[in-house]
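Written out below as structure tokens is the structure these notes cover.
So that you can tell them apart, the chains are marked A, B, C, D and E in the order they are listed, and the count of residues begins at 1 in each.
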Amino acid sequence: MNSFFLILLILFAGAGLSFVLGKISSIISGTVAFLSIAAASALFFTQIEMGSFIEFSLGGIQLQWGLNSYGYLFGIIVLGLGTLASLYSISYMQNKERTSGFYFNFVLVIAGMTGIIFANDFISFFIFWEIMTWASYLIIIYSGKNVKKIGIKYMIFSAIGAYSMLTAIVMIKGQYDTFLISDAINAGAFNFIDNIYIPILLLIGFGVKAATMPLHVWAPGAYNNAPTSFTVIFSGAMSKMGVLGMGLVLGHMFTADRSGSLTNFFSGFSVIYLQQTIGWLGGITAVIATLYALIQDDAKKLLAYSSIAQLGYITVGLATGTKLGVMAALFLAVVHGIFKGALFMVVGAVERQAGTTDMTKISGLIRKMPFTFLTALISIIALAGIPPLGGFVGKWMLYEALITESNSYFLVIVIFFSSTAAFLYSYRFLFGLFLGQEEKETEQVKEAPITMIIPMLVLAILLVITGAFPGLIFSPIATAMEFIGFKDVTWNMSVLNNVWGNEMNLTYLGITIGVVFVSIFAFITLKGLKGTRYVGTKDISTSGEIPYENENLTFQINFFQPFVRAAAPMYKRSMNKIWNELGNGLEALFNFTRKIYTGNGQTYALFVVIFLVLMLLFKDTLFV
Amino acid sequence: MVISPVHYIAVPLLAAFTIPLLSKYIHKELARIVPGIVLLYSVFVSIVLMMQVSEVGVISEKIAGWSAPWGINLMFTPFSGFLASLMSVVGFLIWLYSYNFKKIEQSQSQKYHILQMMMVTGAIGIVLTGDIFNLFVFMEITAITAYSLTSFYRERDGAEAGFKYLLIGSFASVMILLAVMILYTQLGTLNMAEIAQNAHLIPTPLRATILVLFLVGFGIEAEMFPLNGWAPDAYSQSPGPIGAAFAGIVVKAGVYALIRVIFTLFDIHGAYDFLIYGGLITMIIAETAAVAQTNLKRMLAYSSIGQMGFVLIAFGIGTKTAIIGALFLMFNHAVIKSLLFMSGSYLTYNSLNKKISALAGLGKKLPIVSLLFGLGAFAIVGLPPFSGFWSKLYVLTAAADQNMLLLIMAILAVSIIEIIYYFRVVSTLYYGKQEDEEIKVQKPSINAMVSMLILGATIIVVGVYPDIITHFLNNAADMLLDKASYIQAVLTQNIN
Amino acid sequence: MEDLGIKIIGALLTVILAFTVGMTYGGIVRKLTARVQNRRGPVIWQNFLDLLKLQSKKTNIAHGFMGHMAPVWIIISAGTVLMFIPILNGNLWFPNLTFHGDLIFLLYMMVFGSLGMALGAGQTGNPNSAIGVTRGLSQMVGFEIPFVLALVALMVQYKTTSIQDIMDIQAQTGTWMMFANPFAFLAALFASLGMFRYSPFDIVGAPAELASGPVSEFGGKYLGTMMSGGSIFAFIKLTLYVDLFMGGAGFGTGILATIMGLGILLLKTFSLYMVPVFYGWISPRYRTEQAIRYFWGWPTALGVIAVIWAIF
Amino acid sequence: MQNFEQYNSIITTGVYGSAIALILIGLYAVLIKKHLIKIVIGLSIIDAGVHLLFVAIGYIKGGTAPIFSPGNEDAVNKMVDPVPQALVLTAIVIGFAVTAVALSLVIRLYKHHNTARIDQIKSLKW
Amino acid sequence: MKKVLVLVLLVIVGYFLTDTFNLIPFGENRIGNPQDEQTVAGYYLNNTVEKTSVANTVTAIVVNYRGFDTLGEVTVLFLATTGLGSILFRRKEDEEEIERINKPSSSLMQTGSRVLFPLIALLGIYVFIHGHLTPGGGFQGGAIIATGFLLMLISYKNFKAGHTMLNWVESLAGITFVSIGLWGLLTGGTFLENVLPAGELNNLISGGVIPIIYIAVGFKVAAELTGVLDILLNIKPKK
């Protein structure tokens, strides 16, 4: 049996099996889900040859499944993160209700994403895309909270995206008579000059999943509402499917040979306009999401907004259209998958152990959950883009690309602003959950079980490794970029180099920092060990004064109040409001149209006669 | 005895006339069982004939020994045969579902089952007949059963819905009758093949008038806006399975008639545009009206109307792919809407009122029914891998081939609206806040469950492997477009 | 390998220089401020004395993991950043690591230390520490904008993201950046006011009324290490400004050239350092949001003009 | 001949005209009258008009009934068109059936709503 | 307002109807020469006598050429009765309250009806038995019989059309019709084929199955119409 079929069969069977077994026990169901995903991953990484494909026909349509280097890159994210997240789920979901439905949809989402990666034609691409979408919808509403508000919104936006994509797909079929992605590309479907609608419609479709600006409003709620072990996948891997699509379209668009079609002056510009538009949309997404992230009191929501912001960077990177920019974007995509996955796992662990993710209710968990904190710390450093971890490499390449290879100077400022403001919420996250005063309510909290710790630590270690050896990821990215049209992508194992050939050895840097760190830490710790006593968080001197028993020492509410006050104008307008008003207006309109059905049979009869008369009046023009 | 298309009609009629006697003098239960056997026989006939027709091409059946155009003939082509098979299968499933539907009182079940069986028979007759007046007669058979069944329940406002339906339906029959009349004066024949052959001889103004009368007349049956005032009421007030029958059988027959008139009888370009625009308006109005519905069945009704609008659009595009898509849509609509009505009627039956908000929490009490309803909802909005997706894909592909970008966008915009209201119901079902703790839940009977499960399985199987059905659709579309061979098949039968 | 030896010696020299200069400048400012406020003030080397005292103290209280980490982070990030700053351009004894894009690297690396301290302060459980941190971070978002605008203006103007390149360009053209793009310099200068956290932007530390800023829970070696780091950072910032806008310093590798270079570097850095100090003497304190608004006002406008200037 | 033309046109006007008038009267009743029974009557009148038209189109000037009786086997050339008559027969019966159902519905409606005015029976709308 | 709109609409509809029928001259011979068999009607006129031995061409068309229509039509009637039954269905417990709403009529009326009823019935039977020879047929005859029943129903308050009888007649007549149709099918021909010998023109027993079918139709129509009238007259009085 073909490995493509086998992998998907394993996943779908796993979904079904975990659904059935879920009626017996949540743990069994979760284990089945984990095993099926792990088996699929094992097959994926061992059995499939790059470049192999199979063809078959379904419903009279030629379909092709295969694995290319570009898909492989995302396959790493999806199946890697999927395996870890499903392992993590077992404990996370242990005591919840209706787990069978959860695991069923969980595995389905993974299967859908795997299918998207395999799809070499638009139809199977779309089918798996939709499977992924509705399965994720079911998980989002799984908790039963905010079903109407968030679930329906998610589905509406997903549908907008999916249907723009479908429009583009059938247009490609209409114009080039093919459903195969490679054929469409060769025929020039993504060449913006010849075809304005197809790329734009596709970009809208992918932009929704990548939570780009006007279409991002579903994301915070959806990320927050889903069970955390799924949000790992949702934010870490599923959003990357949007990136996958956008990269495919934009890559081919920017690398397309336009020499033949540069017939008039404006045609060249239109690409630049599109590029700038997308870039700015990404930039504004990043800023707005960051601003909203830092006012959140809920750790999970904070991360949700942060995800959107990070996706904004990725969008910007893709929109540069240069080798470095796209590479930065893809690198960020991978790294974001890792650190955001780890962070959501952290939140999930806290949620499971402490019962809530509301940062105003819990704090000071650092001593109770040390491993979780370690993961959080490393991931946050990566998220903030601080050297020497992986996040920095991506950010660095992004800035390099923006400053030296494109003309979007103000976009740099926007990105910079957002990434500076990101420090605020990064700190808020760590402080809110792990630092600060220890609360009475969290006294009994214990470290998360081992099945949750292992995936987290694996991801944390990966982040350190990618920081020192980004080449490990550059390697698949470089081959992937050749698939989307870039030629001669060069890379080094652990050296950042730019267009002038100057370079910085990250391994060297990382090891240096590491050695210095360890030695100084050891120095301080060892020297201080003797006679130093560890004190609780109540034992503070505040310059010699001892706080009263009941004095409020917790500082969690209105955390960044000064900043919010200063940036008040930026919080006034919100895309959410605009969409809501649009929705309300449409609903009123719909309510009006249905008044046509008055309920009076005679009126209906009158409609018939009026229609008849109209038809009779125009019969000679209509039916010649 | 050789299986022939006339069995579709003759056997149910014989049964219908016999049932009153059987149930009175032999056994009461026979009144319910015999229609089932008859419908099952129809399914059997369908299978046999569909197998034959793929070899022969067209099965033509003379009635009373007179060949066309002197007598009436039944034409079992891949196209009409497909629809007839679909109707017989759906008809049988509806019977299975309603075999001991709790709301139907024992003494009434005889009438109910006769009417339901005759509804299917009438619709099959419409599809099979080759004679325009005979089509009218069968349409009346279907209509009368539909009026009666719409107002079947006394507790509901069925009579009101039935009367509206009857009022508008009478208009339809008057117009069709007028059209047939004028047609007869011009060509002196009632055989559709002969009409199709000679339609170009009719003077243009008369031809246009005939066409207008046909379009409006059959448009009423096909639920075209603004002729569909009866439809939401009729769907929502009739018993649950009859709502399914409306969607799966009655309206299909109306659309068939419309398509037959436009494609075969008068091949006029304007009529195709009429279908597209009419379908589009129907779809938009109906789907938008569905959004704000609070009553589940009424919502399903509007959705059904919208789907029929979509079917009309697909036929209006008129290319082969579009027709395959349209037929696929009809198939999907029949299967999925039936499932939705069937499961929906259990859901509403178990809620305090028929309001959507009252369905909250039924997902737990009626897990399988709710699951099936959810499956239907997912399928009808066209989510892969369910069957609804493929039909949408075919139609959109066809539209894209014709460069109808705006049409595509309109269709998809409407699909988004569909998603909104269907998903609202599904999420209420599973996650809504329950108002009453203890409502005694009426579990579906085993036969109803079997019927719904068959439909659900069909949705998934066809969705995953559409080749099961595309072969038939392909032949049917070829047949519909190949007017000449239809005419030839009818008019040469007097040779053999 | 010979090179490496010289480099290691040079690195050590750099650290010593930065530490000494930073501490001394701090002492000078303390003295000057005292004089302006009509006080006697401490001696100029008071900071060294303080450090000595702190390092010799026994640490008695530890707040945990992050408490240990905070000083380490500061010193690491200070040291790492220092390695990338050209102290004396082209001088063998004060070498620096360089690569294209190190400017961006430095910007992020500088934050590393602050974040470490913030986390350390956070773990102490003292709410005032956290308040100070939020103020500091907020203010950072404020002044980063004009600062980054200025840097982007430079980067855009010469299409480079390397400090070394910018210095080389200044050396070649003979024009200091503060004249080549005066708006960028002004914007950066305004930003530096916030960066050094002297009045009116000293609400972060809030020395007068909070009584316990972010660092109040640290004592002994922790505080000492942090102080050293802070001094090095002060030197780093000054040198960075000088390198970027004022042509840097350095004439060659010879002894004389080294001493001259050092002298010029000290001159330039000291004069630059006096700007925020002077400004602080004459200004009352801003609240955080006022400070942010301040930075988002004229300085940002100047920065935008600088970028536009750079583009055309 | 002139005379005959005139006669013909009178007949045309008479037969067609009265049939069309019936249709229009029925339509008027259906669309304007509020009482359900009157609406049903209107439907019947429309039916009657259409049936009349149907029979009328089969008429041939000077034709005889299409019935062969001993001695007039040659009359086949003079016979009127039998098909419309056959069709009308069917149509009438169908019309009757529909009317019967309509009346029964009216009875139900009247019982249910206590009124027979169509504009007051609007519990199903929107 | 609505009235004006409706009137305008009616004028337009009327205009188009007249316009249309102006193009269809009244009394014109559109069937051509029957011997040419150009049209269906011509074929019928030319062949009926020869092929079916039925004098009344209309009957031949109704029962044989277009017998399928007739079957459908009978079905419509049957369904109307069934539908009526279901629409006006009464529960068992309400059965006692059923009362004919008409007042008892005068004795003149009652006596007249009693005298006329057999005659009317006789006439009806005559009409459908001779349906293939003379004008009239099953429908007409059935309708006449039903008129007789109507007369009785409105004259006698307590007159009951026997439901059992009606059911039997209805069903048997229908079964006869369909069975004859199936007989044709079973004997290797087509549905409703005239399987009996045609006989001689103008004989009572001629035209093969046509008279049999028409008699069945007559009984059926009579029964159905009576049933409809009976149901409609038996309305539960309002309390």
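Please note the rule applied: contacts are C-beta pairs under 8 Å (C-beta built on N, C-alpha and C of every residue); 3 or more make two chains touch, one makes a residue touch a chain.
All values reported here derive from a predicted model rather than from experimental measurement.
Which number of steps is the smallest that gets you from chain B over to chain C via touching chains?
Graph distance in the chain contact network comes out at 2.
What is the set of chains touching both chain D and chain E?
For chain D paired with chain E, the chains in contact with each are A, B, in label order.
Which chain's C-alpha centroid is most distant from that of chain D?
Farthest by centroid: C.
Centre-to-centre on C-alpha atoms, which chain is most distant from chain A?
So the farthest one, by centre of C-alpha atoms, is E.
Pick the pair with more C-beta contacts: A-B or A-E?
If we tally the contacting C-beta pairs, A-B comes out ahead.
Could you please state the distance in Å, as a whole number, between where the Cα atoms of chain A are centred and where those of chain C are centred?
36
Please report how many Å separate the Cα centroid of chain B from that of chain E, as a whole number.
So the centre of chain B lies 30 Å away from the centre of chain E.
Can you check how far apart chain C and chain D are, centre to centre, with Cα atoms defining each centre and the answer in Å?
Chain centroid spacing, chain C to chain D, equals 101 Å.
So which stretches of chain C touch two or more other chains?
none
Taking each residue of chain A in turn, which ones touch at least two of the other chains?
594, 597, 601-602, 605-606, 609-610, 612, 616
Two or more other chains touching the same residue: where does that happen in chain D?
Touching at least two other chains: 23, 27, 30-31, 39, 53, 57, 83, 87, 90, 94, 97-98, 101, 105, 108, 121, 123-124, 126.
Could you list each pair of chains that touch one another?
Pairs satisfying the touch definition: A-B, A-C, A-D, A-E, B-D, B-E, D-E.
Over in the complex, which chain B residues touch chain E? Could you list them?
On the chain B side, the touching residues are 1, 4, 6, 9-10, 13-14, 16-18, 20-21, 24, 61-66, 69-72, 105, 107-108, 111-112, 114-115, 118, 125, 129, 131, 133-134, 137-138, 140-141, 144-145, 147-149, 151-152, 154, 159, 162, 182, 185-191, 203, 205-206, 209.
In the complex formed with chain C, which residues of chain A make contact?
It is residues 364, 366-367, 370, 373, 377, 381, 384-387, 392, 395-396, 399-400, 403-404, 409-410, 412-413, 416-417, 420-421, 423-424, 426-427, 430-431, 435-438, 496-500, 502-504, 509, 512-513, 516-517, 520-521, 524-525, 527-528, 531-543, 552-555, 559-563, 565-567 of chain A that touch chain C.
Spell out the residues on chain A that touch chain D in their complex, using ranges where they run on.
594-595, 597-602, 605-606, 609
Chain B touches which residues of chain E in the complex?
16, 19-20, 23-24, 30-32, 38-44, 64-69, 71-73, 75-76, 78-80, 82-87, 89, 91-92, 167-168, 170-171, 173-175, 177-179, 181-182, 184-186, 189-194
Note which residues of chain D are touching chain B in the complex, please.
Listed in rising order, the residues are 23, 30, 36, 39, 43, 46-47, 50, 53-54, 57, 83-84, 87, 90-91, 94, 97-98, 101-102, 105-106, 108-109, 112-113, 121, 123-124, 126.
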